[in-house]
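So, here's a batch of structures to check.
The following pair of complexes shares a single chain, chain A, combined with chain B in the former and chain C in the latter.
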Partner chain A sequence: MIRSSSIKALEERKGFIITNEKTVEKDIKCNEDSLAGVVSQRACVYSGARVVLNPITDAYHLVHGPIGCASYTWDIRGSLSSGAEVYRNSFSTDLGEKDIIFGGECKLSLAIKELVERYQPELIFVYSTCVVGVIGDDLSAVCKSAEREYGIRVVPVQSTGFAGNKISGYRAACDALMDLIKENNNPAEEKEGINILGDYNLAAEMWILQGYFQQLGIKVVAKFTGDSSYQEIKKAAKAKLNIVQCAGSMGYLGKEMEKEFGIPFIKVSFFGIKDTIDSLRKIADFLGDRQLKDRVEKFVRKKSVKVKQELEFYRQRLKGSRAAIYVGGGFKAISLIKQFNDLGIETVMVGTQTGKKEEYREMKELSKEGTVILDDANPSELENFMKERGADILVGGVKDRALAYKMGIAFCDHNHERKHPLSGFEGVINFAKELDMTINSPVWQLLRSDLND
Partner chain B sequence: MLDLVPAEIKERESLVVNPAKTCQPIGAMYAALGIHACLPHSHGSQGCCSYHRMHLTKHFREPVVASTSAFTEGSSVFGGRANLTTALKNIFAVYDPDVVAINTTCLSETIGDDIPSIIGEVDIPEGKEVFSASTPSYVGSHITGFSNMVEAMVKHFSRKGEGIKTNGKVNIIPGFVNPGDIREVKHIVEALGIEYILFPDQSGVLDSPMTGEYQMYPAGGTTVGDLRDSGNSRATLALGSFASAEAAFQLERQCKIKPYILKMPLGVKATDDFIMQLIKLTGHEVPFTLEEERGQLVDIMADTHNHFHGKKVAIYGDPDLVIAMTEFALSLGMLPVHVLTGTPGKAFKQEIESMLDEAGLEANVKEAGDMFKLHQWIKNEPVDLLIGNSYGKLIAKAEDIPLLRLGFPILDRSVHSYFSVLGYRGAMRIIEKISNALLDRRDRDTSEELIEFVL
Partner chain C sequence: MINKNLQSINVNPCKMCMPMGAALAFKGIENSMVLMHGSQGCSTYIRRHISTHFNEPIDIASSSLNEKGTVYGGEENLKKGLKNLLKLYQPGVIGVITTCLAETIGEDIVRMVAEFKREEEINDLAMIPVATPGYGGSQYEGYYLTLRRIVEELATAQSRQSSPKINIITGNLTPADIRKIKRILNLFDFNYTLLPDLSETCDAPFSADYKKIARGGTTIKDIEEMGTAVASIEFGFLVDDNLSPAWFLEKEFAVPLYRLPLPIGLKNVDSFINLLSRLAKKDIPAEIMAERGRMLDGMIDSHKYNAEGRAAIFGEPDLVYALTALCAENGIFPAVVATGTKILDLEKKISKLTDNFTEEPIIIHQADFAVIRKHVQQQGVNLLIGHSDGNFITEKDDIPLVRTGFPIHDRIGAQRELSVVYEGSMRLLDKITNTILQAKHNSYRQDLFERYYLPVKGGGKHVFG
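Coming up: the complex of A and B.
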């Protein structure tokens, strides 16, 4: 008998929260607008676009709007660069009252001019924000005229904050990228190697993948967008295959590139041993070279033996714990459940901000009966379910860290703020280490006793 | 990015590079969190609310809740009335706050939603309060937003009670400061034996103790009763003209309460002035505790003055804090050579320049400036120490200058919000930090044969 949740939830929220019952065929509601008046964790269209494009290291990211939009997203991802550092600056038109009344196009033109004069950029992204959408500045026209005048690429990103959700922002970013890729497409050129889509080089994760491909002799043509550059992105159309890690943000680009250039894509995940191995095999299968397949087998054998040995130590210290997951996209949630299963940790709650129906189905498949599954949750729901299901750890983003700690629950960051790479074989150990550090911290002991004991 | 800043300065008209401010709504949200059991509500798109919560969470390392009207395309075409009405219904049904403090965003301001009239049409549960502040992101800065929200608190709550002459209390508006600072201000006023109403008060809200239970509305915060009663106090002390003066003036207009606009009590002189003003108003005497603290501070200043005398310093951040810190730096014998705030307002430049004039010094001073400009100044005239928020760390790294973290936001260090930089004790802490930053640097740079145990 499964205990159904006793949590006070709004009638309108009920379809967005389900309890995993294997015998009941019922889909969760998802991919809808949040209710007005909720403490939502979700961001906006602009945020979606910015997080996708920001890691392009030599691009000038100019935010057309009031200062806040630029301020809060200044160096937002912690994506690392092996070369240029331009992207770590925050450029904005800082719109004022006058611009709102008379229009901001002049200010935008002038800001582009000032950028060009100071830095001689090759590529500028101009982001539209909420208020720009309302006052109706013609971003495309301003960008086009700047391109003509200065002979550089000035790409508008249609990311007006209210015009959809974060997913619309991912699309706006992918559209901007397509614009750049098309520019240099040469169908006559022989195709070779792969593009990596949906990795942002947080804590050097892209470098781990690149290292693998280098050892296996797989050429990487372009990276989207962790540690990438304008020149690199322009070459992307010549790749043989696209591998898509974060499908939420880059699945669309994969599809568009298939349509436009005939490049097929496969979904991969480098979170967890099993997913990492499966992904490497998938890539080798696709590239279809016997020698490559052998190299992959040898590589994963060597790597996984070592990782499994190291992991055993942590498995002993972690097994029996109960985990709650609340992350941005479904793909990450799925990977996490698998990794928890590997570590002997039971997932008791799993939710996302932007998960899709099929992803939720997979979460249901992977998790146990009784697991709470929820879409677009708010802090009080998270709090109640974590308490009710006795979670020992929450995996989530920065806003949830403080909530978990306040409840005396361990926390692991699996979002923009992470400081250790969590992908590949190395990431498996880092993840286990982090879980151990927080779940087994002596601080929780203090909480369980007080002065009167 | 560190080599991208050229020393040559060209004036810019439109392009802001690396902002030294952010937008109004976050200041308003922070102010609203200083009311007990208040849920700040952001009337606009979800992104704004999410960014503000994230930023405040990073600075305080505490859960920050706020709700949003979750605008979509429909609301921005037809107006946000329906969203706000639904939002208020949902907020009271799910989160049950005592007070909802609504702030606007650039979006809702531009489409022109009339918030007070929408509030007027909504059925608000008995005993609950809903009020709003107009905080367009394209005007002023987060400090302006803070000021607007505090002024809105006065407008909504403060009332002169019939037949009540005075409650004998003093109103204190501490400004955009950390919970630790607020606790220090209370300590001073309590040491003087003065009854007070302090608002907004984030202590106990954003530095609440860990109990293993998450409380959406922790014990702290100014109560609605106190906010109402602020209309019966004997005077209002606004600590900092940018963040707090408007609310004090509003109290004067509304309830005839005399406003006193003081500097933020950071450093010896500003703390002295704060205490002397309280004494003048109440006739109380300075207790030994405060005399002792002041004496300790001056003693420390004498012990350490050789560490920082004549050192060049760049100070940046929010205007009230920068003004007070500049005064304190001067009193320590330091030379402020670059002083900058991102917040617009001519009073900043005037105030800094008059202090510098008095000291016979000249400096680069700018309001509505950005971090790029500050970096350029430093390239042209290097300093020994930077004082400001986390956004100075790249300049500090590029130019190899120690950074004393002070102000908002501090995203890369923890625990700072629990300790005060205000009052005599706060000044001692600042001196300790400045001295240690400079001495650490000296030890690092000293050759082996010159290193000493005693400095």
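Coming up: the complex of A and C.
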């Protein structure tokens, strides 16, 4: 019998934290408003929208609001581009007190005008922020009139910060994308190829996937939104299939595109050997081409033999470690547990900011009895459970890195700042290598005597 | 002087918002926590920004306002947030600060906080409300306004100390800088209060018993006694009186105010050290004089290299002022001097520093990086000095950046950077000089070859790199 975790958390947080007991059928509470005062790790609606749209590399991302919103999101993600670099700028209307009192629409119109005059953009996204939602600027009207005046696309993103959470922001971004896709929809056109949804080309991850598809002879029509462009997105409606990786952010777009254009979608994951192989097979199955299936089998055999050999070295150095996971979405948490299982690492704690019920069920399925599972956790809880469950490593966001280090625990940057790819066959090795670099660093030996005092 | 704000768009911000400054100020108060009244994103983004600079855990709570709270008022969220914060962290001080959202919907946090204290029968906890709308100014104003509010709330004319103290209002300095200032004050045998004091809280030693709220910081007791000090030294040279904590102490408690530039650069450090000597009625300790001598010696060693420097300096106003002084006294021409903050008399103060040059610097307030970059290109700048966002220019125009100030996100060790007093100023100057030298060494062979070498007929071509 595994004892229930002695839950050191506030009463109101208790439903959001469960201990994995295989015989107990109890769902975790999730997808609710964050509790005030507890230092939730979540951000806002705007942040959700911005991260999804940001990798559209030739778009002008104009944040309509006070400066902070643009300042804190300026080029902070490791999304790479093979073409334009426009997306790495941060444009803001920099609203001041007067604008708040008299309304910001006028300044927004002027800002768009200035953008047009200075840079000749083809596509501008205009993001709404908290104050804009409160003072009631009519974003749609301003954008529409700018479109008429300049003959370009000016797409409003309804991402008022307080109006929901990060997931609402993903939706706002997907709505903006739909707006662009619809522009060129031609139902008579013959469908071909696939769209990749939910990969943001962090540290070249999209390029790795594209490379696979190129070798396998699968045409990629549009990418959402890693290394993407306006022209590319406009073509998306002609794809035969949507593959959705990060379902948290892009599942909604998949569903909308199915409704609107009749394009079916399948969920995929390219994190870990097994998921990568399964996903490639799923795509080949769907496209139903015998030869393609053969090509996939040959491809994955060749790739996985090599990777498995290399991985063995790391498995020997890592097995027996205990991992804690706290990431943004459920999809990533699930693939991490699988990868840890592969490496002989036990997951002792797993949580996400925005996971869904079915994703938490899968985490329970994949992890062992006694694993702490938690939704919308805060630093106090992370600290308590990592200590209690004796975690050796935390995989998490940038904000959690300092906490792990202060506790003398290794850390894996499976976050948007990463500078080496963690997906596909290549990513499997990079991931194991990163774990090895941190878990087996000589630094921890020096700390041990301090920690055991 | 150029005011970028005549345009309607900010392209790549060179400033942050008021709540950021407020959070930084409270980080230097002992056993304190901050609750931001607003939507969840503000606290999360600000935590990330501060945490990756100091490499320290930064916990900032939010009242997590949602649609309901925005429409019907956020009082319930705020009070609930405060209760939860108390349970989880047991702080001795809570800074209750607002954001754009709370200010726009007109939240009266002063009343709410007072009510909360009454309802919960709280007597032994300092709760300090500060109105910091993100659109009200930059982090610079947020920082000083917060210090001002802390002092207004807590300072008294009563002292339990027998020997008098001096107050130092530290600017946004690094923990290593603050530790250095403490050592200097100790050499003069001063009794002192530093406000704020991030030296331990934002650079905490590793310890087996991790504490959610880092040890250190200015104590409440010390702040309470600030009204009885013999003097206040404020390193906020460009701060408006209305935001100045030391100005308040002078008006309210007649504590004499000495407003000094940040002690970076020989002359600025001299002003600080001479003032300390005067206040202490003591000679300058030999150790400090030796440090000064070494700085002079170092300045001579590097003066010729420095003469080739044309710098663009950007960041928070006081730091920009001090860095300009350091450059100017070492013969590095401060070709572009810029801050994202609105400082009306910036030009008057900066141009006094650059009299010895034959050119006039470009001085910009309310700057963004697009404007800074434009002038960097026009002025033939070969050196950038400022926080890590300047890397945007380095990447595009291949001009090296000496990282100093806040934030530094792409290098490690910002909390350990020492740039104050003679030793720190010299370290910073060395870094600047070495950056000039590195650029020179990287290019002089090719430059000279291209300029002077006449190809010999039939001779081979020289290949570089």
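Here, the second predicted complex is superposed on the first by the 448 of 453 C-alpha atoms of A that agree within 3 Å, B and C clash if a C-alpha of one lies under 4 Å from a C-alpha of the other, contacts with A are read in each partner's own complex, and residues count from 1 in each chain.
Just so it is clear, a residue touches a chain if its C-beta (ideal position, glycine included) is under 8 Å from a C-beta of that chain, and two chains touch if they have at least 3 such contacts.
On a predicted model such as this, the values are computed, not experimentally measured, just so you know.
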| item | value |
| --- | --- |
| When chain B and chain C are modelled together on chain A, clash or fit | clash |
| Touching partner for A:148 - first (chain B), second (chain C), both, neither | neither |
| Chain B versus chain C as contact partner of A:86, first or second or both or neither | first |
| Partner chain in contact with A:290 - chain B first, chain C second, else both or neither | neither |
| Partner chain in contact with A:26 - chain B first, chain C second, else both or neither | neither |
| Chain A positions touched by chain B in one structure and by chain C in the second | 10, 33-47, 62, 65-74, 89-97, 99-100, 107, 110-111, 113-115, 129-131, 133-135, 161-165, 379-380, 383, 398-399, 401-403, 405-408, 447 |
| Interface residues, chain A side, partner chain B - complex | 8-10, 33-47, 62, 65-74, 85-86, 88-97, 99-100, 107-108, 110-111, 113-115, 117-119, 129-131, 133-135, 161-165, 379-380, 383, 398-399, 401-403, 405-408, 447-448 |
| Interface residues, chain C side, partner chain A - complex | 5, 7-13, 15-17, 19-20, 35, 38-49, 51-52, 54-67, 69-70, 77-78, 80-85, 87-89, 99-101, 104-105, 133-136, 138, 204, 206-208, 210, 212, 340, 389, 392 |
| Partner chain C, residues of chain A touching it in the complex | 10, 12, 33-47, 62, 65-75, 89-97, 99-100, 107, 110-111, 113-115, 129-131, 133-135, 161-165, 378-380, 383, 397-399, 401-403, 405-408, 447, 450-453 |
| Chain A contact footprint on chain B (complex, rising order) | 1-4, 6, 10, 12-19, 21-26, 41, 44-55, 57-58, 60-73, 75-76, 82-84, 86-91, 93-95, 105-107, 110-111, 136-139, 141, 208, 210-216, 342, 372, 391, 394 |
